[in-house]
Amino acid sequence: MVDLRVTLSGLVLDNPVIPASGTFGYGNEFKDFYDLDILGSFSFKGTTKEPRFGNATPRIAECDAGMLNAVGLQNPGIDAVIREELPRMKRYFHKPVIANIGGFSVEEFQYCCERIGKEEQVGLIEVNVSCPNVHEGGINFGSTPEGAAAVTRAVKQVTDKPVYIKLSPNVTDITAVARACEEAGADGLSLINTLLGMRIDLAHRRPVLANTMGGLSGPAIFPVALRMVWQVAHAVDIPVIGMGGVDSAEKVAEMMMAGASAVQVGAANLVDPFACKKIVEALPGVLARLGVERAAELTGMAAAKTE
Amino acid sequence: MVDLRVTLSGLVLDNPVIPASGTFGYGNEFKDFYDLDILGSFSFKGTTKEPRFGNATPRIAECDAGMLNAVGLQNPGIDAVIREELPRMKRYFHKPVIANIGGFSVEEFQYCCERIGKEEQVGLIEVNVSCPNVHEGGINFGSTPEGAAAVTRAVKQVTDKPVYIKLSPNVTDITAVARACEEAGADGLSLINTLLGMRIDLAHRRPVLANTMGGLSGPAIFPVALRMVWQVAHAVDIPVIGMGGVDSAEKVAEMMMAGASAVQVGAANLVDPFACKKIVEALPGVLARLGVERAAELTGMAAAKTE
Amino acid sequence: MQKQGLYTIQENAPLTRDVYRMVLAGDTSAVTAPGQFVNVRLDGCYLRRPISIADWDDATITLIYKVVGEGTRRMAGMGGPGAALDLLVGLGNGYDLAACGAAPVLLGGGVGVPPLYGLAKRLWRQGRPPAVLLGFNTAADVFYEQEFRDLGCPTMVATADGSYGQKGFVTDLLNTAGMRYDYFYTCGPEPMLRAVYSACACPGQLSFEERMGCGFGACMGCSCKTKYGSKRICKDGPVLAKEEVVW
Amino acid sequence: MQKQGLYTIQENAPLTRDVYRMVLAGDTSAVTAPGQFVNVRLDGCYLRRPISIADWDDATITLIYKVVGEGTRRMAGMGGPGAALDLLVGLGNGYDLAACGAAPVLLGGGVGVPPLYGLAKRLWRQGRPPAVLLGFNTAADVFYEQEFRDLGCPTMVATADGSYGQKGFVTDLLNTAGMRYDYFYTCGPEPMLRAVYSACACPGQLSFEERMGCGFGACMGCSCKTKYGSKRICKDGPVLAKEEVVW
């Protein structure tokens, strides 16, 4: 028997598979497809202080082995999530959930983390400083070590829940941002968010997305995500949740061997609503084939040839 | 009849299709597949001052809709290229070629550009400040505006041939690097080089590539490349050669609508040696369908919705 | 409740030069109303393709689709023994048949026509045979006119170039002498929906299209603003009541 | 000269639990020597897959491949009327038959065995029937022993676990009583090549594997260092003469 459990800052997950924020709503659309309690956890849709409609449509464009989205953090706002979504979620998900929080100022991040941190259903908070689709005020905190550290410090003051900072891949040196977050007190890191990309509608001679650019996700970004997880895991001593293009149990194992303690699955849920269920079910077989008895052993198992 | 001609810094190409450096050698392996004179031009394998064997193998890893390479600039050195490759090339390619130059110090770039700039077969010089696979001395000039500008200024002093700087996509703000090159006197820009990526060999519990990381190319990176071409074309007034994942005439049109004056095709040549021939042949039909009479009109044709 | 499954291709043949009809066999229990759609997985395409259910019965689903790009091109090439498609079935709200009034009219344009067929059949069964107005670009594009007639529905066709039926748009057919209606159902390209919205004074329902990520409400890719807040075209739509549309 | 084309699958059947033989019909004029390989394009795989030519004639190419990953799994599932594969043909240098000496020996391990079959046939035609030594892991993995015998070649098999033939490695068979050879040809996993390199005092040729980008010399993905400078396994190899190998 293979032991699939992994631990994130003291939180024990039954397995390392976690649907990624923005691809799983608040769970409601998936609960009819399968029993969500088979998941390690899930990260709910990025939630902000105020309700947001998000960007104009089209918000979605197709790519080879991936997709662009420019949803722009559509969500009902933190108060509605606490009032309506969390109580409803209790009926179909009986494990600690990951609260994904977005924001446009340090104060907003603080407000949301303080409020959501008080909810007992929340196992850890994932702070998204890296959404490529919203640039109000022109600030993307995740682009600089200073910005990411400022948010980290601020939210750590207002909650006792473990705080994971979700990093942007659209940077020259992700390890610098990662280290800054660690020094600022982050309990862990989530990476990667989407790569900034674009498509053009030839017939109409304009960008496909109303927002011009959007975030690339899906298998296309897996090698970049894996590289960044590897780099960051070698640069910090806090746990890393790896994501980006994972769509199979083998890729979960690759992410973990690169240094991830748990793995999120995003776009794959959209093209196959059963993606996470299939991955959870395939994991024991993959681990057995690799001669690994405990999923947690996978973390960082791959050794650099040059190190 | 559709007019496929495009112009790069005074150099008129019969069409915008250019095999990308490192995927076409010095042309020799392709001349038996088709007549190379149907191409707009081609960019030869990145050439350095000294001959280089490159990295240890495995140098190649497969990805969804793409591949990683960590060749590490294997080449016979600039002197052998001038002595042997260029005279041989004359027999099967009768147009100006693009000389792609790599280097590890400003002096090396200068040395190579000065020498190759004197060769009449060379139409323009493409200076690769962005190879992700070589880090000797830890310097990647393409990672900072200052580094890229320093190389640009230095090589512009030693040659009269148009100089295009080839930019790295592995940066937070590619427009800053682009503008620095423009200010330093670059005649044009080539982008993108490969995205830094990685794969792990699960069975052996180690990276697939001997070099640990490598450069991701192929259709997977097209949306990121297109976005960067768009951003850079909006940021500078010099021509841009777009590349990254192009494998069809439609994607050539997308790249040009985003702002490219010509387009390079890389990894596609490796999986289909006839890729560029097919694209050149398909272009007139695609242009006709789009109602475009001259390929050059495509450049920058897509208008931002928000601008 | 939405279902995912493999559906066997029983028939896949052209109706016009670029519009095909595909009949698929499999579990249809998830289909509850005309105007719902399926989301089709295709090799080589990352995202699924949303296609309306043109008709269905206990064992089959009929799709009518136009070849416009890579995905629909692949669909058109499929068939042969054992060929099957991975579908998500039972997506969207579909048309509300209860609201149909005494004299419903159906207005369809191009590949907006298909879902109206399943709708017409069920309105007819409900004792409210609708008038059917179909718009196409040109004579060669016309399909399903006879099928609607065979249901017993008075059916008229307009073509933009006048090469078949009345010259003009589908909304022009509303002015036909003797035309009486107190409720409309429509599906077609957005300009047509706007024209119907303006032309029909009565209440009605419109079916919308949007680029989709998931098709089952998870990604917020297809949101639109309505008078009652934001709705997902894929889950809360694709059918919206006229009175909630913001135009 | 290398060619690209569509080749029709005439036969595709298992030889063992995971090794398949595929016979493809098409233009074989680009094949000039045993030990050359083809590069196979497969839907859903970005890179082509290099597979040695096990045998060929005027109209067909035979491949023997082991299912190890996604690409070979797809190959194993192919077939049926009209099924075809996109191949690059005539890749690599192949074995040099002229250098074969008076008594050549062929040493093959696992899926290194296939190219030796085409080689044995041609050595035989040339009047130099080789001794053939084959190594496998276990009895269930053994294939083509009879085919080599049918060519008239003395053939011996070793298995690592001793479940068939002699227990041990293929190089152990060199010590068989009466075994005489003055030249070797080999193909197999690298540890085996190294063992052959050490065990055989005579000259010979070794066929190498490397991860490939293109397979026709363009990308420098497969370079290796030899005594005479760097060579591309795909173009200047896969066969190297013993004396140039740096070990």
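Couple of notes before you dig in:
Order of writing sets the chain letters: A, B, C and D. Residues in each chain are counted from 1.
The criterion applied here is as follows: contacts are C-beta pairs under 8 Å (C-beta built on N, C-alpha and C of every residue); 3 or more make two chains touch, one makes a residue touch a chain.
None of these values were measured; they are calculated from a predicted model.
With contact taken as defined at the outset, chain A and chain D are each touched by B, C. In whole angstrom, the spacing between the mean C-alpha positions of chain A and chain B is 33.
For the pair chain A and chain C, the distance between C-alpha centroids works out to 36 Å. Each chain gets one centre point, the mean of its Cα atoms, and the points for chain B and chain C are 46 Å apart.
Annotation for chain B: residues 61, 63-66 touch two or more other chains.
The touch graph of these protein chains is a ring, one cycle where each chain has exactly two neighbours.
Interface note: chains touch in the pairs A-B, A-C, B-D, C-D.
Taken in their complex, chain A has these residues touching chain B: 61, 63-66, 68, 143-144, 170-172, 195-200, 202-203, 205-207, 210-213, 216, 219-224, 226-227, 230, 245, 250, 253-254, 257-258, 290, 301-306.
Residue ranges on chain C touching chain A, taken from their complex, read 1-2, 4, 41, 45-48, 88, 210-214, 216-225, 230, 235. Touching chain D in their complex are the following residues of chain B: 22-25, 28-30, 32-33, 45, 53-54, 57-67, 69, 71, 74, 208, 218, 267, 269-274. Contact residues on chain C toward chain D in their complex (touch as defined above): 43-44.
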